[in-house]
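What follows is a set of notes on a single structure, which appears directly below.
To keep things simple, chains are lettered A, B, C and D as they appear, and every chain counts its residues starting from 1.
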Amino acid sequence: MPDLAAIVADIAAEMAAAPDRGTPASYIPPLAAVDPARFGIAIVEADGTVHAAGDADMPFSIQSVSKVFALTLALGAVGDQLWKRVGREPSGSAFNSIVQLETEHGIPRNPFLNAGAIVVSDILLGRHEPREAIGEMLRFVRNLAGDDGIFIDEAVARAEQETGFRNIALANYMRAFGNLHHPAERVLGVYFHHCALAMSCRQLALAGRYLMAGGRNPDTGGSVVSARRARRINALMLTCGHYDGSGEFAFRVGLPGKSGVGGGILAVAPGIASIAVWSPGLNERGNSQLGTLALERLVHRTGWSVFEPR
Amino acid sequence: MPDLAAIVADIAAEMAAAPDRGTPASYIPPLAAVDPARFGIAIVEADGTVHAAGDADMPFSIQSVSKVFALTLALGAVGDQLWKRVGREPSGSAFNSIVQLETEHGIPRNPFLNAGAIVVSDILLGRHEPREAIGEMLRFVRNLAGDDGIFIDEAVARAEQETGFRNIALANYMRAFGNLHHPAERVLGVYFHHCALAMSCRQLALAGRYLMAGGRNPDTGGSVVSARRARRINALMLTCGHYDGSGEFAFRVGLPGKSGVGGGILAVAPGIASIAVWSPGLNERGNSQLGTLALERLVHRTGWSVFEPR
Amino acid sequence: MPDLAAIVADIAAEMAAAPDRGTPASYIPPLAAVDPARFGIAIVEADGTVHAAGDADMPFSIQSVSKVFALTLALGAVGDQLWKRVGREPSGSAFNSIVQLETEHGIPRNPFLNAGAIVVSDILLGRHEPREAIGEMLRFVRNLAGDDGIFIDEAVARAEQETGFRNIALANYMRAFGNLHHPAERVLGVYFHHCALAMSCRQLALAGRYLMAGGRNPDTGGSVVSARRARRINALMLTCGHYDGSGEFAFRVGLPGKSGVGGGILAVAPGIASIAVWSPGLNERGNSQLGTLALERLVHRTGWSVFEPR
Amino acid sequence: MPDLAAIVADIAAEMAAAPDRGTPASYIPPLAAVDPARFGIAIVEADGTVHAAGDADMPFSIQSVSKVFALTLALGAVGDQLWKRVGREPSGSAFNSIVQLETEHGIPRNPFLNAGAIVVSDILLGRHEPREAIGEMLRFVRNLAGDDGIFIDEAVARAEQETGFRNIALANYMRAFGNLHHPAERVLGVYFHHCALAMSCRQLALAGRYLMAGGRNPDTGGSVVSARRARRINALMLTCGHYDGSGEFAFRVGLPGKSGVGGGILAVAPGIASIAVWSPGLNERGNSQLGTLALERLVHRTGWSVFEPR
């Protein structure tokens, strides 16, 4: 086993000195205000050991990383029926593209595009009030991480709601095709709130353990999802987790991962580790510049790529 | 270790009895003439043990599976310069789509689309005559498999050349953007010939060993490509190896794989096995119907998915 | 001068007997309920003589025909500044396509697409309340037609508002690009109401006289728009007035025209006549099947095509 | 009748002094070599009177203007069967776009796009040798203009053939859909040669007289095409004659017209005049900058727009 304590310390030091840090998202003030100098990393091993460095305990807006948890919860609610309303293919398009919806009858290509996650939110809403669905999501993530300190940043949710015209467009567009069952405002209430989850790298890596562990929650030993479903969520993260930069992430890092515009990435080395990195500056595909680089170095030193001989 | 001898026998028996076998490619007579009842499977373990069943020794047209070998050879020739002319992202489009070339200035999304493989062929052509480039490719694959019985089916190559108008269009279209350096006819001569490679499942699984083995050829111990490059080729196979069915293949099978319209699939379990399956009937994405199902069952029984805890 | 009285009578008789009447719009109940047997025609000559036949005095929902009047009013308000926010090219796409907005930064191709007319409605809204903007539009059309009996069908406007998810999507999508200055709900309030104008063929042909008459209102002699602007609106009607069936309409009829999904068409023979036809059944492009056929026959018998030697 | 002699002289003087002349096509040397200071105009009235100014007698490469004559000839050969293989709608795309062919099964949107004109050339080829088809086309245009001095510029045709990779792509792409009946090289031989027709403004305006005159050749009184077909060709020129600048041309000029990258435009005022202008500098849509401006001024002074009251 590689010396993970030394590795995370090295990587944090290298990232602190990195000159090209990308550009933080600026479309809402709470994201624009984040200090681009931040960098955090946390690794949870299969046995529960945690290695952390940098700003690993500072909460940040996980944004689209939450789509993994939302998908997991929605699959628990409706099972594989979900796949009648959302595809499983990389889109080759940007996260907020509306083009494919027109030619593909309102069925988003995958659950990690905005459109796909909005359908997932529609499923989460189910027969509930938005407030209840949001509460359930928060409890789910707190439970996964074993940490009740996780919260939803209302300022972020509100800012999204005030400026999220593209997402309102996506939701209504799918509603026109019958692929949204509730009013767009209610569905987007759920969507914007789960995207506004604030978590630290440590909390995020802990929450992701079930994907490393064949679907089980190591704290309780209980099954979050079946082993098969965990494997499939990992597959979706690898092929679709970084929008139109997913191929590049697989090429460079080689781990299932999901990024968010807040600069966080959750990555999974099945059977080995759950990893979270965070640095607010984004590359031109909207994925964390230093987060990706840090994972590339981690994989280089550990040999954890799923494409490496075991 | 699972009882592979029993598993391949079981799978071959199940596939022989499968009612829905898909539809063989019919665009050229030599492919249309293949018996849809055929099914073969061969697995080469890391220690060299081979398990085979069904029509595992019957040569078939490997078609696009050859794009993996062509890419490997071209990377050897020009290194990462290749990525200036070809992308590394899934396209979300069919294998022969021309649409993205128009908006993306003649740069194909990845080397496993027809357009991408045509650029790779342009690189293989280099300063050679087409005949020499084809000869080099054949020697390379024979060497990888350790089998001089591998041949190019001239009837297939000729039929492709007579009807390959879409590929002629793709080549000329990229030439208009300056992304083809040789005349289309010469490049397509190379392309159509390497797609016309005839191999059995056994030969194909043997030829794929370097991708399982960190880039080394187990016969010689020599390095075919670096470990890093082998890992990256595996990543590309996983994200892009099945055209617009790549996400689905990752979801169901979870192994790097490359399919061809001849009904063959090469799949890689890094460090564990190189696998080839063949059945001529295709699903609606152009990938082998029973080949995919066979791999799904294999992975189910062995736990070889790269998304499974190790 | 051809015998217009006889011609309109003949056409009405032929259309009454036409077997293939197309399919009425069914997306909202008030349109689905219209009797497909209806057909009306009214022609106003330059000297004011009116020829009418069939259901020429029955009000119908003019729908997108209203986009001509809305454009005229908006040009009066902001002049050629309007063209910074809306293009002047045929789109080659369906009336409600969202695809081009994504690649063209939220600028609709022309003012007769839904997206374009929504921008026009945003301009009409200006500093007013929606109710005032709608009132101004109604007064404008009444004044053009010289008929205070023209009204807005509130049942139609309400039904549009309840089901117009695509239009809500278009509006929000443009808002995301900054090309909508007011909240989508307010703009669509204006849009849905002017599309819900109910007019008879006679009223519609009277309202269109200014486009025949170099921009002047024959009742008052006053200028509605300049001669140059009238000419340009005619040009836009010819190139863009029938969505992705505009080329076909020009080919068959050869007059500037604007159709609506209610089955109405306003057509203009500059200097000669303003013409309105109505039949609720639509062809596969969403334009009135018999309305188009009636205009084709009218032009055949009168030689009024703008492409005919004068 | 306006004083056309004075008008053409004025316009030629204004164009000589125009500062912003656009940019000549540079994709082949013979076009790049043309002096951007050139400007010519010729008007043939219905009675045969010719008014000319500037470089009205200097031959230039008519390029895509030839598509009008090719379409006329092909309609004569196969009649309305032609429309099974080519559409009649503006495309909303650039002249050499390949995108729509993919989604519309190899049927070009209209005969004035490159793809459409290549299908037209395929029809012209018919059972002939390319040389014969080219000869027939040359005789046809000479006959229309009543001038045997019209020739094909072999240097232009050769240069097109050497660099026309996009057109080769378009032709092969349509062949893949079965919408090209002869080998691409032979069809493109015809296409490149008719695009290489060299004509002066005077010759071009004379050749266009049949479109002004209801289909008749004023020299002979014979019918080139029926009145109905002439009207329809005019309609196509108006909706599709300037690629994705067709709407703008209709808006500004209001005459059926066809442009070419050589800087020529043929425009038709039905019943009144056939007009040709030429200036090599192009605007951003690939249409002659000063040619368009000259026509706009001509129409302003004569009131010849088809959208003006008669």
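Assume a residue touches a chain if its C-beta (ideal position, glycine included) is under 8 Å from a C-beta of that chain, and two chains touch if they have at least 3 such contacts.
According to UniProt, the chain labels map to these proteins: A, B, C, D = Glutaminase.
Every value quoted in this text rests on a predicted model; they were computed, and no experiment measured them.
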>> By that same contact rule, can you tell me which chains touch chain B and chain D alike?
In response: none
> Among the chains, which is located farthest from chain A on the basis of C-alpha centroids?
Replying inline: D
> What whole-Å value do you get for the distance between chain A and chain B if each is reduced to the mean of its CA atoms?
Replying inline: 32
> So, what's the distance in Å between the C-alpha centres of chain C and chain B?
Replying inline: 55
> If you look at chain C, which of its residues touch at least two other chains?
Replying inline: none
> Which of the chains touch, listed as pairs?
Replying inline: A-B, A-C, B-D, C-D
>> List the residues on chain D that touch chain B in their complex, please.
In response: 97-99, 101-103, 165-166, 168-173, 175-176, 184
> Which of the residues in chain D come into contact with chain C in the complex?
Replying inline: 46, 87-93, 100, 109-110, 212-214, 227, 230-232, 234-236, 238-240, 244-248, 250-251, 254, 256, 270-272, 305-310
